[in-house]
Every structure is written in C-alpha cells, then in structure tokens.
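Same chain, two partners: chain A is paired with chain B first, then with chain C.
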Partner chain A sequence: MNRLFAKKSFIIHIASFLLLPAIITCPLFAQGKSAPAASEAGNLLYIDKCGHCHGIEGAGDGDAAENLLPRPRDFTSGLYKIRSTESGNLPTDQDLFEVISNGMPGSSMPAWKGLLSEDERWSLVAQIKTYFDGFEEASRRVIDLSGKIPYSEESVAKGKTFYAELGCVECHGVLGRGDGTSAPDLTDESGFRSWPANMEHSWNFRGGSATEEIFKRFIGGIAGSPMPAFVSSFRLGLTDAESARIIALEDQDEMTEEEEAEYTQLEEKAYEYEDIMLRIEEGEEITHEEQNKLDEAMKPIFEKSWHLANYVKSLGREGRPPAAVGDKVLRSQYFVGDLPGLNDAAWSEIKEASYFPLVGQVVIEPRQFNPSIDSVTAKSYYNDNEAAFLFEWDDRTKTLPQADDETGETVEDAIAIQFPVKVPKSPSDPKPYFIWGGRRPVYLWHWKVSEPNKITEMNAKGIDKATVQASQSQMQVEGVYEDGRYRLWVKRALKTDDRNDLKFEPETFIPIAFSAWDGANGDVKTKRAISTWYSFVLDPVPSNKRFVYPPVVALISAGLLFGLRKSVRNREKLNQ
Partner chain B sequence: MPKLSLFTKCVILFAAVWLFLEFFIGGVWSVPLPASVIGMYLGLILVAILVHVSVEDDRFREFLRPIKETLADDKRRTRCTVLFVLVPLVMLVFTFSKVSTKAEAPASVRIAHPAPPDELTYGDKVIGPIQEVENPFRHLEKDDKDAFRAHAENGRRVYYQNCFYCHGDDLDGEGHFAHGLNPLPANFQDPGIIPNFQESFFFWRISKGGPGLPPSATPWDSAMPVWEDYLTEEEIWDVIIFLSEYTGYKPRTFGEAAH
Partner chain C sequence: MKTHVFTMLTLVITGMFAASAAAAGDDEAAESLVFPESYKAGSVSNGGTITGTVTFEGEAPAMKKLEITKNPEVCGVTDKFDESVVVGEGNGLKNTIIYLMDISSGAGFPKGAKVKHQIDQKGCQFNPHVNLIPVGKRLTMLNPDKIMHNVHIFSKENPPYNKSQPGSRRKMPVKAVKKAEGPVAVKCDVHGWMKAWIAYIPHPYFAVSDENGQYKLENVPPGTYKLGYWHEACGTNTESPESVTVDAGGAATKDFTLSLKN
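Let's look at the complex of A and B:
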C-alpha cells in the first residue's frame, strides 16, 4: 500500500469520525423544549443582559470580554461547550436554555434563573441561535444516557484504570488536579489559555458535576476547548492498543516499511466498520445485522465512559467548601509533645481543613482578573512553645523563577501568609488594610518555590511597601509540590524576641489572610490572588474543667435543695 | 379535671412565653432572637408573676403550698425524689454544654453607610459641598435625552469593564469574586440602596473606595478600589447614571427626606 492511499484513508477516517457519533446511538433526535422564533424583544433583552460580554453582534467581544478567562462565548462560531449532543453537533435548544438558567460555574457566566423569567430566557435562546446559520438545518443527535452504570467502588476502580490508559493524565494530571504536563500550553479555539479542569474542584465544572453531565462531556467533547470527544480516541473493530497505534501512525510524517505493513494490517481489520460508516454517510441503507454489529462495537466505549464518569465524580466534593468563618475558623489544636512534621499522620486527624477562598487582586495596578489559584486550606497544631501550620493550595504548574512571556518579569510560584503586627483587642478595633496593610502594618510569612525550605519574615505598610525584617526568626519550613498541590509546613515559636513579629497566644482570635502567586499565570508583585481577613485561634489547652465543673454545680444544686427542704420542714414543725 | 394550682399555672405561663419567643418567633417566623432579648422578656415575666402572687398574703401562701408540700409532706415522697434527681441532672448537662463550647470568632461590627465628609473631591480637586453637588449630566435626562442615553451607555461600559466582577452582571452584588469578599459587594437591586442616597454620596464611595471610608465602616476590610485612580470624573458620574437606569431606582435628590 502506498503513501497516497494511506493519506486517502486518513481522509476517510476524518470523515468517519464526524459520522461516528451518528452510529454510536441509533439516532436519537433532539428532545426537550424548542426555542420560540427570534423576536425584537429577545434582541433587546440580549443587548441589555448579554451584550456587555458576548458582544451586541454575538461575537464574544463585548466591553467586558478583554479581562475575562474563559472568554465569553462567540456565538458566531457555532462551537458550544456544554451540550447533550454528540461530537460535531450543535447543542439542543434545551441545552442553551440550561446554560443560561444555571450559568457556568467557575467562569463569569452567572445563572439567570431567578433574574429572568422562563419566557425571557427562551427568547434569549432564540436570539443566540440567530448568530449562527447552522442552527437552521442541522438535526442534532442526543447522547444516549440509557446505559448508565450506577456508581460503585468497582466502577470507580475501573474508571481509574481507563483514566490512566486513555491519556487523561496528560492534561488533567495523575490525581486529576489539572496539573498534566501539557496543562500550561493548552489554548482554546481562539488561542486563549485554557486550563484543564481540576477534578477535585468539581464545583467549577462548567456544566455542573452530575455524573450524566461528566459523561456527556466525554462523549460529546467540549467544543472549542482542547477537551476531545472521547470517541475520537478509538477505532471501531480494533482493540484499545490497536486504536492507539493506528492513530499514532497517522500522526507521523513518515512511515518505515515495517510501520506501513503494520498500518495496512490494522487498516484492513477496521475496514469492515469503516465501510458501514461510509455507506451510512452516503445515505445508503445498512442491514439490521450491520447496525447491531456497530452497536456492539460501540458498547465498550460507552461503558468505559460511564466508569470514567464515576471515577471523576469520586474525585470531586459536593460544592465549594464553606469559608473559614464562624465555627469554621482556623483552630490550632493543642498537641502533646513534639509537633507533627510535614508528612506526619497526625495531620489527617484534623478531618476538615479550614478553607480560604481567593479572588483576583483587582484593587491596585497591575491587577489579576483571572486568578488560577482559587483557595488555600490550612490546619494547625501547637504545643507549649511552638505552633505548626500546614498550608495547601492547588496550582496546576510548578513554576520556578522564569521570565514571563508577556511582561518579561521574573515570575515564580509563591505564597504570603499575613497577620497584623498588632492583634485588634475588640471587634471595632482597627485592623491593617487587608491587602498588605497601610497605616497599620502587617506581619508576613513570604515563601517562594525557589527556596522551598525558607520563609522570609516581612513587614508591610502597603502592597508595594514590604520590607524584609532585619532579624529573621528561627522558623522550620518545608514546602513540596506534588500532583498539582503545594504543601507548605511551617513551624515557629509562639513568642519571638522581635516586636514586629506577632505573638501567638491561646484563645486570642488573630486575623489571617493570604496572597498567592502562580508564576505560570503571570502572577508577580501586585498581580496575584488574595483573600480577605479571616480568623485563626489557638484553641484553649484542653483542661479537665469540663469534667470538674458540671459535677460540682450538680452537687451544689442538690445541696441547696436539701437545705431548702430542711428549712421548710423545720418551719412546718414550728407551725404545728 | 383537677383544678390546677396557682404554682402550676405560673410555671405554665412562664414556659409558654419562653416557647413562644424561642420557637415560634425564632422558628416559625424565623426571626431568631438574641439570648439577651429572650432573657430580658423572661425576666419581666418572672417579676410580673412574683408581683402577682405576692400582693396578697393568701395568694402567696397558696402559691407556696405545692412547694412546701413537695419538700416537707411525706405523702409527696416520689415527687420530692424526682425533683432531687432532675434538678442536679439538668444543671450537670447545662454546665457541661456551657463549658465545652468553643469561643466563636468575634463578629465584625461596621457601619454599612457611614456619613460622608463635608466636601466632595476627586483626587485633590474640590468639587463642592457634598450636600449640594449634583450629577452634572443628570439635567440631560430632561434637556437632551440622546445625550443622557449616551452617558448611561458609557456608564454601562464602565460598569462591565470594572465593577461587575464583584457587583454582578445583574447589579445584585453577586459577581464571580463576591464569594471571596467580606463585607459583600453592594447589591444595587436592593431597594434600600440607590433610593436612599444622593448621587454625590455614590460619587464619594466610588472615587475613594474602601480606603476612603471612616474607621467606623472598617475600611481595612472593604475591597472597593479607589476608583479615582482608574476612572475619570465623567466616567464615575456616568456609571452612577447607569446604576439607576439599569435598576430603575432613582437616587435621592436634595431636599427630599430619606425614606
């Protein structure tokens, strides 16, 4: 077989890929409600509510678009991420309605349910469809969800093996935190950066975190993003290994003779299925037998996708954790003996780490409108002399000092933990300004990835007015990066000699805040993710008083009762 | 049905008041009352009861009778035993629950809408007394509708390029950064916001941001930027026009009393 033929067959493959989804399910046609005809009212509503991001002509170029990532959808492209339809299909009207109603978590698209009536939202669906001609003729094939495999440990385990086999790791990383090797280089259809999803932060899944939704993203892909439709990783009639091999061979520019022979052989094996698909594409009738054969060949792909969906579901937690306020504040627990080190099992005894959401620093220029680090969690122990902290945050890339592509500035991953120098005595007592202080100074622990075992103590009176302390306390520090997560362990004496340091005293609520820099996201200096002030406290040393006071009080009350009884009796006797 | 003793009646009344405050108002109406308020009402009721029973000697004796009987009358032995077990037990549980709860972080106390300074400024430039300065483009609403609309549209651009991250697409304070902020961004759809303040007040809050607030408004917690560093005077007045045009709420005018 010569090279030309191989090329031709490549074209056939491409064509058949577009067609493949049609055969995956016996065509199920769009279901759910359909949009009404486009109206002037819908157009005006669109301009009022959507135009500022999506542009008044629907091209995704509204006033706000420039500073947003992901960028607002360009409706003229006809590419839609969240669909219930197969790869290469447009979304159903119902899909568009759902996205408008529920918004896209983790992006700037809000949920319009509750803000707009159902009719209004449907009029927007109609309006959006006018920006792309393809909506008129295309019939849409909906992904068949009937073969759902219920969630079970076994299914999750299977999904986990497919996760590794199918190359999900490349972008989403070994543990699914979006930290794959190709993560920093991914772009969407317009060339804007596209971060792979962090499976643990499933509250950010754009289409929601229901297992069915995850499954739909596998089968249908996320159009316009680097997330492929799953079926394109398979070749019908071939085993998984053979599929992978044939795709790899096609990607090569040149083939050796041996490789060509191998290619031809695989090609012939898959030919039967390709032939059926080609005939469907050309509108020919296929026999019932052939249809069954195809369905049979597709079954394992659907099954794998369900297992994989269950696995991904198992990685995420339900909803964003509540922020560290009220009874969730960071409580350092008293520890008897030496404080646990970075990898000590004692840390897992604190079940729930305190959660500190981070947002972009958009107050002082240069600003960060699209932070890539969305939270820091913390746990803490203390004993009579020291306090130990374990800070953790997800970052898809480990960025050692390097020049930023855009600004040329040296960027690197870093974090700063912020306390006031003087702890407010009462709720109305002033705190320092939450972004690195102002008139009132803050005390900072600054850590960067290039010096993972060191914390620099600083004081700041403003975001650009930080000074390194002349005398650095003796602190033990260990920072590691593993599978998309930084883990930073810090130990410091409760009291230091430096009066610009903060002293940690039990039962005093101490304000705490964070700044985090992701070098790969261009974070440097003021451009960073920040948190507002939260609280941290050394819990009281557990004492026996809770076992002593209650019985004492009970005894006293019993004693009083006896006394009362006695005096009443005595009086009665006297009266008699 | 045996006649209830005066003492039982008083206990029932006291319990009923407590249940009403704690569970009806707090639960059914879902307006939980602070413990101090409930304590105050219960204290009043207790005083009222004691006054009622002690004004007449007979009544007081009648009131005390069941107590005396329980403690001294041998026929009421069981009742006495129950009392002697129950009271210490309740005290035990109550003290234990008090001793074992951990202290909560102090709540932040702040004035949401503090009084503005006397003078309205933009940077160092003095615009005028805050109680007199009008939006210089507001008159166009009557005089030149097209020009007014252009200012509102410019305000829309300013809003969606700068404000919606926190204050939200629908101006409802639910922008995609709002979850990470405390205090929460202002909700302009709240009928208590726009109609209660003059436009000069909004100009002050926007131009000086969080750092420009007086200490009573906890300026150290507010994430509102100092917008005079980013926006022109005209842009700030325009965005104020947009806020009221989009929500349909009119800012207060001078001479009009606060609602």
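Let's look at the complex of A and C:
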C-alpha cells in the first residue's frame, strides 16, 4: 500500500514537474498562435486592403473613415474592443487574427477569411502591431473561461437579476434593446457617438454572439467605448452575506465602536484579494499562492458572470431573420369579423413577422452612412372591407421634434410605408424607383412620432418630390414607443375613392418598401434608412365551397363503394 | 450582403466628396503638462515656498447649469454646474495646476495613512474636479449615491481604464499607473455630464489653485525653475513658462492672470 502510494506520488511529482511550465503560462498569458515578424509584404497588403479606412499609417484616418460609424480602429491608440484578455490589456495576436478573419458584424469591417490567405492575414496582424509600441512591452493576461456554466433556464433567470442589479439597464435598457436612459449621450474616447448593443440583434455583436464572447466583453469591457469592465462589480473574497453586511454598515449614519471594528475587518479581508488584483493590473509579479487565492475568490464572481452571459445570450435571436421574400413574403391573413386593434392578442397568432432589412440612403445628398434602424417587421390582417397592419421597428431613443446638434435641422422619429400608385400587372413589370419613385409615382403613408395617431397620405415622384394628398382617406392609426421599440398600427379601407390611393385586392402581389428616420441619429429628409422593394399579398378569401365539396366527395365515394360492393356481390352470385 | 453594402459605401465615398459626418465632441486633446525626464526623490533641507494667486482676466463667464438627464432623485437634489471655469472672490481662478516644469531632484511624496487620494462622486459630480495622483499611488473612488457609476479614465500613456462601480460598491480602489501623464479626463458614461481631470504626477511640486485662486508649492530646493500652469479652459504656458527663483528657506511669489484660450 505504502509502496504503491509512494510510486503514485512519484509519478504525480514527475507529471507536475513536466506540466509546470504549461500550468504557469497557459491560463495567464496569451494563447493561440503568435504573429510572424512584420514584413514589407504585410505593409503593402495593409496599405492596399486596410489603408482606405484605417489610414496608411494606422491612425484610423483613411479616406473613408469620416463617413463610418463605428469609426475604423486607430491602431496607434492601443485601444482594442474585441479581446480575450483582461481589462486594460492589449489583445492577443489570435484576437487580432480572428477579427481580421471574421470581420466585425454591425460595422463596416468585412471578413477577410475568404479573400486573403491565412498567411496574408497573419502578416496583417504583424503589421497592425507595429503601430503601437505597447505590444512589445506588455504581457497579456487571458480571461479564464474554464468555469463556463452551461446554458439553462435556471442560469438565465439568475443572470436576469444581475442584469438589473449591476446596472446593465442604464445603457442597454430593460429588455436589452440598447434603449437605456444613458444611451442617447454615449460617446467613445474620441468623442464619436457610441450606441449600446441591442441584445436582441445579437447578429450585430462585433465579436460574435457566442456566450464566451459575451462573457469576455462583460469581464474585460470594450476598450475605448463606454462599456466598462464589470470584473470589479463584486467584492472579492467576501461571501454574499458579508457583502450585504458591509453595505448595511456603510449605509448607517453612525457606527458603534464594535461595528467600526467589524467594518474594518471586513474591508481588510476584501482588500487582501483586491490588492492581488490591483497588483496584477499594475504589472507586478505575484506568487503562485496569491494567484491561487485570487482564482478561488474569483470563482463566485465568474459564476455570476456566466449566468449573466447566458441571460444576454437568451435575449438574442438565432441569427438575423431572413428577408420577406419567397415563402417569407408578407401575407395579409383573412380575418372574420372586426380587425384586431394594436394590443389585440390576435397579432401574436401570427408567429413570425415578415422582416424587412434597411440600409442607409447613400444615393442622394444628404446621405445616411450609418443608419441606426436596421429593419422593420410587419404583420397584417384583412377582412371584406379593411386591412390592418402592425409595423414594428427598434429605435434606441424616442426623439420628438428637436433641433439636431450638428445641422440645426428639426429632426424627429418617423416612418414612411411606400406602395406604387399603380400595381404592376406581373412581377416582371417595372416598378417605380425604389427611393420614393420617379417617372412612376409612389403612394406613401407617412407617420411621425409627434402625431402618433395620424398618417399623412402622400404621393411622390422622387425623394424630394413628395406632395401631401389633397384628400386624406379615413385611416385609423395608433403608434406607441416602449422599451426601445416602435409599434405602429394602421387600418385602412381596401378601396378608397381617391384614384391616387392604392387599392388592396386579394391575391395580387403589391410592392411595399420602407423609409425610417431616427431623429437622434440626425435622420431628416433624404438622410434616412431605406429598404428596397418587397411585396405583400392579401391571402385568397377562404371560399364557401370548402363547406360544399367535402360532403359531396364523401357522398360520391360512399356511392361508388356501395356500387362496387353490389357489383362484387352480383359477380359472386353469378359464379355460384 | 455585408460585403455588398461595404463595396457600395466605398464606391460612393471615393466617387464624390461627401460632407463630414458627426464631428468629434468636445473632447479635443487637452494640452499636457511637462514632466522631467527623470526625477530623483530625496530629502530637502532649507526648502523654500512659492505662493501666488491665479486670477481670471475680465468678466467671469456664468457657469452653465448642467442638465440632469438621469437619476434626478439622486443627481438632481442640488443644482450642478459646469466646472470648466470656476471663479471666486476677486476673480480668483480655481482648478489651475501650477507646477515646476524642470525640477529633477527634490522631495518625495508625503507618506502615511493621512494621505488619501480619493475622488467623491456624491450627487453625480466628481469632487475634486482637478486631481493630482502620484505615479505609483492608488486612487479610491467613492460612491455614496448607491447608484451605478462607471469610472472611465482617458489615459493615453498608461493602459486604458474603464470599470463599473455599481451602487453596492461605496468604495473602489483604482490601480496605480507607471507613467506620468495628463491631465487626462475622467468620465462617467452613465451620467454623461460627469467630468473631471487626473494628472499622474512624478514629483510633488504640483499644486491646484483653490476657490480663491491661491496656490502653494512647499519644500522647494533652492534654485531657479520654470513655473508652468495648466487650466482646462485657459490652456498652458508650456511655450513661455515663468521663471522663478527660490532662495534657501525663502518665499517666492508668482501670480498669474489667465484668460480663455481661443
């Protein structure tokens, strides 16, 4: 027994001796591949592929830069958003490689994976690093992902409480749509507008929407942006009860001598751990015992953070929804009786809203290169006389008419739903120009937040050639803003007396397009988000014949069967 | 789709001269202090003092009242004002840093438990507005408000710093830095109006003028020095600093009259 034990312990010793370098280096320092040395080829490739936006000397000041938001990274600042490393650290080489390869969704940074070879991308990593001296000095500490808690309803529920407690709501809003009360004023370290992420639109997360990525952004922050590192949100080394106690003591107006002593003791206990963390941040060496002690204290903090990451993950949809074409086309469903109002449960019976992606209007001056509204969704019902629509779109701010900081123009949130005046007979027939028509006019429903219960009918023959119709149809309209989302309900008669209005007829594919203005993003007039043409169709009116045909068919079949039976019997008789 | 949009953008941009998008905010790079290349701390005997008053030239601009857009129950209890120009009695200008630009040896930083580097965030305003933090010393952020703040320090020379300080953390220590720098802005993004300055200083010969515009540099080794100033709205005199001579155990005086930089 003893010998066996001794042998085992000997093996363990050997093993730990061999593993020691790995144990020391792995969790603390950069993982993944390292970039090669910078080369002239890398420099030329950089100038060719990256310089237009990032500038030929890496200062983020290429020709295209001024029209982009988020701005292209200024590599001379050493501020990197997407990192696997702790707060205050530079990214690893692998981090840079991943961003170059996969691009940054929701920004202008494209994925170079399919366009450049792996070696070429690594040469860019090397080139980028030359723009900031800090890469030579600092070792980089990677965030420990080993304690990952799997996704579960329970974990999501826990994460939700931290989401509220830790103040995520301040910027990201109650439901995570990026509409928190601090959202309108956020700027990055260069003074440019910075919007908090809309958690539902997780396909726009710059570093991807994997739970690990969410966790890294939460622990390490997004350098240069208003998103802080939350690693310091909890008191290290204290139990929840001790944390609560320290807060309770702090909230007292006065402390007795005993309480004072208790407080000092708790504070010192917490500071023991805090001190290790601070020394790491300050670039000091720490001992293994200290590292172990800190790791132990970080466990509950990481646990909570994984719950939070799971919660944020739960808010996001699985990828960007497919656009409303093909089988996703907007179908207005026939509804028996009065059409549902804005808050009617009937709307939720349509499981999937049709999704219309928007892009910035960049054809006509003034342009919108950085639209903040990226989509509109729609549902529709109709009956024998009317059609009702529910349009929804996310906007981080409710902007009533106000003077724009930059242009002085009066801006406000608005939307326009566009149809052709004359519906093309077949899908291949020409439609009006998609941006508010041209030679062929369009028919518009224009809604603005300052008059939430009104739609103005307009006709247009070009983006700046819109006229308000002299006679306005009777339309019922209700628009509301809640938790970062506009919901606009519209009801109109299928047919109106005005020949400049569109008539809605079942089974006809009607082109539809959208323009949306976010006042807080400086949208006004031609500066807006737009969609291309899509189409919608009123489903066929369910025919009464469905109540006639089936019984008839049943009767005929029954008759045939009887006939068959009879003829078989007759034959049998004949054979006998 | 994405590449498509990107290509379209590039085409349009290169094709025509487009108007400038959002201009940078009011965070244009603040002018910096000047630090000696090296500094040797030791003991000083027979040190002298430099005192003086910083005066604002002409009529002081009215302090702009800040718009409290958040947590009014905490932040809006008292009126808050933009502190970029604070003028007191006799036009004394507060929050001016007065310092020796070219001192290479002298006293070390005072030690002991009494010396606390802390910034209060009570009522959603940083106090003090201009802070001198010695290189290598930690700073404590106080949060008696019980609401979330984030401490965002716009360092350029030192690693970036931006950490959340939830309502449950009444005190939060902030790491020490290695390099002299600044002044750099400190902001709370949650409450966009909150702004202050930190200068990370390598030697103790820095002072911030008080509400009457008065400052005092103590324990200065005898000698002749360049005396610099920095003010958030009035700029610096880096190009043409004042010269001041301090005699052993003596008292020198230097007053400044500043006006808004253009």
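Basically, the second predicted complex is superposed on the first by the 453 of 576 C-alpha atoms of A that agree within 3 Å, B and C clash if a C-alpha of one lies under 4 Å from a C-alpha of the other, contacts with A are read in each partner's own complex, and residues count from 1 in each chain.
Definition applied: contacts are C-beta pairs under 8 Å (C-beta built on N, C-alpha and C of every residue); 3 or more make two chains touch, one makes a residue touch a chain.
Because the structure is predicted, anything quoted here is derived from the model rather than measured.
Residue contacts after overlaying the shared chain place A:189 against chain C, while chain B stays out of touching range. By the touch criterion defined above, A:67 reaches both chain B and chain C. Using the contact criterion defined above for the overlaid structures, shared-chain residue A:509 touches chain B, although it does not reach chain C.
Contacts of A:233 after superposition: chain C is touched, whereas chain B is not reached. Look at A:558: by the touch rule set out above, it reaches chain B but stays clear of chain C. Contact with neither chain B nor chain C is seen for A:210 once the two complexes are overlaid on the shared chain.
Of the two partner chains, neither chain B nor chain C is touched by A:541. In the superposed pair of complexes, A:164 makes contact with neither chain B nor chain C.
When the shared chain is aligned, chain B comes close enough to touch A:428, but chain C does not. Across the two superposed structures, the residue set of chain A contacted by chain B and also by chain C is 52, 63-64, 66-67, 108, 110, 357, 359, 362-363, 365, 369.
If you check the complex, the residues on chain A that touch chain C are 52, 63-64, 66-69, 77-79, 87-89, 103, 105, 108, 110-111, 134, 138, 165-167, 170-171, 181-182, 184-187, 189-193, 221, 223-224, 226-233, 235, 243, 247, 250-251, 271, 274, 278, 281-283, 357, 359, 362-363, 365-367, 369-370, 406, 522.
Chain C contributes residues 1-3, 5-6, 8-10, 12-14, 18-28, 69-70, 138, 146-148, 150-152, 154, 156, 159-170, 172-173, 175-178, 189-192 to its touches with chain A in the complex. Contact residues on chain B toward chain A in their complex (touch as defined above): 67-68, 71-72, 80, 83-84, 87-89, 91-93, 95-96, 99-100, 102-109, 156-157, 159-161, 164-166, 168-170, 172, 174-177, 179-182, 209-211, 215-216, 218-221, 223, 225-226, 229-230. Across the complex, chain A meets chain B through its residues 49, 52-53, 62-64, 66-67, 107-108, 110, 115, 320, 323, 325-327, 329, 331, 357-360, 362-365, 369, 426-428, 430-434, 438, 440, 507, 509, 531-533, 535, 537, 539-540, 545-546, 549-551, 553-555, 557-558, 561-562, 564-565, 568-569, 572.
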